[in-house]
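In what comes next, chain A is part of two complexes: it sits with chain B in the first one and with chain C in the second one.
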Partner chain A sequence: MSILIDADTTFIVQGITGREAVNLTRECLDYGAGARIVGGVTPGRLGRDVHGVPVFDTVAQAVDHHGGPIDGSVVTVPPAFCKDAVLEALENGIGLVVVVTERIPRRDVAEMVEVAEQRGARIIGPNCLGIIVPDVIKMGGIGGPARDAAKAYRPGPVGVISRSGGMTTEMSSTLSAAGLGQSTAVSIGGDAIIGSTYAELMPLFEADPETRAIVIYTEPGGRMEAQLAAWVAENHSRLPIVAFMAGRFMDEMPGMSFGHAGTIVEGREDTAAEKIARLTAAGIQVAERIEDIPTLIQERL
Partner chain B sequence: MPGTFIDIVIDSTAGADPELARKLTEVCPVDIFRAGEHGLELVAEHLDECVLCQLCINAAPAGAVRIVKLYSGETLPA
Partner chain C sequence: MRFFEYESRAVVARAGIPVTRHGFAKTADEARRVAEEIGGPVVVKSQVLSGGRMKAGGVQFADSPEEAARHTERILDLEIGGHMPRGVLVDSRAAVAREYYAGVVWDGTRKRPVLLFSDMGGIDIEQVAADHPDHVARMHFSTRVPFQDWQAKQLVASLGVTGTALNRLTPIVARLARLFLEYDMTLAEINPLGELEDGSFVALDAHMDMENEARSRQRALLHELGVGDEETRQAREATPFELAGEQVDAQDHRGVAGNVTEFDGDLGLVIGAGGGSLTLFDAVRAHGGRPANYCEIGGNPSVLKACGLAKLVLTKPGVDKIAVMMSIVSNTRVDIVARGVVKACLELGFDPAEKIAIFRIPGAWEEEGFKILERYGVQYADRSVSLNEAARRAVARVQGGVA
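For the complex of A and B:
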């Protein structure tokens, strides 16, 4: 099993004729059993195709052409149009929206996350690389070209959640090299407001019998780790969690933001030191180095 | 320049409390509050940086701080 997606998941790519989306589409089609990308959407491009995937002007046209509900969408449109694209997907019954686009205005992100919640849908991202179930399917650019993704990701018992797209692959690759595969890896996005946090994904992993441990990649900034610590304490999770905290040096540089927009640290609660203390108090093991993660997981399986 | 994402409404009595001003200045991760000469002040240019963490609401007495979402009209706490 897996979480969020499986071999039967159908999805579309919104903004499919853009350069990144064309590459992403190829990568998803080539990976595993081949993603079931049932359409792409770019207004004004009806009738074209991208690697054999038919292009439509609207999501409604894609749904009509498919002849039934579509499970997901990968949104790759420019920031100014992203909210409209996500709302269009939600209005057409799509339940899982992976938003790759970064630099979306914060009010737009807050609005689309709230609308998704109201409709019982889920957003992954924005500013993320998507989801991968090793050897089965990937939804988004996660892992890069199929050949590279196949090297980095292997099937196994570890669920991976990461604020960094690149580090999702780095940590999974480290696990794979040590013989520890992944059940599902999710790049949740590096922005300050995102659709799905660690704590919101944990119940899904908890319900997945194939997942036996969790690895998370965290950074200073934001309150997601505090939410995770609270979730673990309240829910007595069966899953051991190992975390890696990047950017510990940022504690010496208050007010600075590095890399992801969500890493800005101002308050005391979101420093690396405070987060490590909270995670540790909740029973989550914090790895000193990425290469320590496989051993820490093996000790807990 | 006022924000386009959220607005913050502060109860006038609470706004004059220097201790609350200090607390809100400390908890806000994006520096929306500052302690001024006459109590709590909002930093208008930081309003759009809000991450809706609600740490300010939790740190203040009930009803003293409210966040108005300009995109939906909803007010926090509900």
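For the complex of A and C:
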């Protein structure tokens, strides 16, 4: 089992004719059982195809061509067009939008998220590499070409959630080498506002019978870890969690953030030291080194 | 991107929020003229992107234009928090009856902007929130539905403010909420928001931060404020080494090889990407290593860029060796980075085997990459060697031990 996606998931790629998107499409088609990419969208490119995937001008055309609702979309368009692309996907009934694009202003992200909430849809990212269910399907560039993704990811009991795309693969590879596969690995994105936080994905893993433990990668900045700690304390989760915190050195760097108003809603919980203390207090084990994670997980299974 | 106070005032005024009579001055003469125009007592404030101006002596009161000029001369020479001022703001000294606070920031958990209002302005709002939580009111608002005046009224009234004060505060607070979204701010703060003895309200000080990612679509405002594209407005000014890093990254549009920050150690780092760089920097320090720099490689940069970055780090004074390390790559190609760093060594007349303490980049095109490294006798590691162990080996080699 898995969360968010499985072998039957249908999705489109918005911005499919871009260089990175062409590669991403190839990778997803090649991986596991082969992703069901039912269309791509690039305005003005109707009628072309990318690795056999038909290209449309609009999401509505893709839905028409498919003849029914499409589950997801991978959005990889330039930042200035990203909000519009995501809103188009949401308005056309897509329930899971993976936003790969980086450097999107927060106002746009907040708007996308607000509309997704109203539609009962979910956004992963922005600034993320997507989702992978080992040996089954990947949605996004996560793990890279199918051959490389297969080296790092193996099926198993560990759910992985990471604010860094690259570290999702690094940590999963370390787990795999120790005989611990992954149920689903999610690169949630590194921005200040993201569609799905750790705490928002936890109920999905909680409901997945195959998942028996969680590994998270985290960094200074924001309140996402405090939110996770609160979720764990309130929900008596059956899942042991092991966290890895990078960027501890940033605590000593003055001037990383300015302003007083920000510290009311974020500030004091922003540092690595504060987050480690908070996670630990919630019963989440914080690993000193990535290579320690497999043992910490095995002790808790 | 942080704005100077005089710029923040202009932003606030543009949004229709009243401000006191003021002017920006770069010399004592200019300050004297501004003070003459204002007439009466003034405050001279250092325009510097740093907190603690008052404590450092960067804010001075003057009763005459002459005195304002004298203060200006001193303030212009006064370094505050490592920054020299860009000029001074000469502000009329208003007769303040009461001070309020209004601010907007993003709440990353609720994923919405949050508007804050307090009837205890003029001091650290963080302190007010900690000591007098009942004097701070908060309200999240939509980015989709235009902000309405009644929302501001409801927030202000929730602290018991009523009468003329409520009616005058409402449009100011509402305009602040709107400007926050309109100008892509990450912080928009008026503190203090002063009620004058004549019953009028003015922004006595304002603090604005704009999101860097939004600069391109805020060109009109930035142009009006005279902020050039080259002004980064970071927490500290970029060093020549860091500026050179930006030039390396700007060589072409393929991938990233930059985001350089200077430190004073002896181990040069050519590392990536975001999360991997943070992890590796921590690991080097945990093993007693002294990094010469932080940087990020990612998104499959060209040989030219990887080479440029490696050269920059290799030629930094005090750098003995470089460590080339990344978390498993799927997009960036191992062979391209390998070629880039070996080329950098050779072009500078160094032996790659000697200068590269370790190369640990597993992933896409690793077989091809490792072949290049073997040819030049460079120590490398695959994914079976952790980031932490790679960092340990690099530190050991710099310190003269056996890796």
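Definition applied: the second predicted complex is superposed on the first by the 289 of 301 C-alpha atoms of A that agree within 3 Å, B and C clash if a C-alpha of one lies under 4 Å from a C-alpha of the other, contacts with A are read in each partner's own complex, and residues count from 1 in each chain.
The rule we apply is simple: a residue touches a chain if its C-beta (ideal position, glycine included) is under 8 Å from a C-beta of that chain, and two chains touch if they have at least 3 such contacts.
The structure displayed is predicted, hence computed values, not measured ones.
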item: Clash-or-fit label for the pair chain B, chain C on chain A; value: clash
item: First (chain B), second (chain C), both or neither touched by A:Glu170; value: second
item: Dominant toucher of chain A (residue count), chain B or chain C; value: C
item: Contacts of A:Ser162 with chain B and chain C, given as first, second, both or neither; value: second
item: First, second, both or neither for A:Thr271, with chain B first and chain C second; value: neither
item: Touching partner for A:Arg223 - first (chain B), second (chain C), both, neither; value: both
item: First (chain B), second (chain C), both or neither touched by A:Glu114; value: both
item: Touched partner set for A:Asn92, first chain B, second chain C, both or neither; value: neither
item: First, second, both or neither for A:Ser183, with chain B first and chain C second; value: neither
item: Chain B collision site on chain C, chosen from 23-31, 77-85 or 113-121, when both complexes are overlaid on chain A; value: 113-121
item: Shared chain A contacts, counted only where both chain B and chain C touch the same residue; value: 105-107, 110-111, 114, 192-193, 222-223, 264-267
item: Residues of chain B touching chain A in the complex; value: 4-6, 26-31, 48-53, 55, 69-72
item: Of all residues in chain A, those that touch chain B in their complex; value: 105-107, 110-111, 114, 192-193, 221-223, 264-270
item: Chain A residues touching chain C - in the complex, by the definition given at the top; value: 20, 23, 79-80, 103-107, 109-111, 113-115, 129, 141-145, 148-149, 151-152, 162-167, 169-170, 173-174, 177, 190, 192-193, 197, 217, 219, 222-224, 226-227, 244, 246-250, 254-256, 258-267, 289-291
item: Of chain C, residues touching chain A in the complex; value: 2, 51, 103-109, 111-114, 116, 124-126, 129, 136, 142-144, 181, 184, 186-187, 189, 191, 207, 209, 211, 213-214, 216-217, 235-236, 272-276, 278-279, 281-283, 285, 298, 326-331, 363-364, 383-384, 386-389
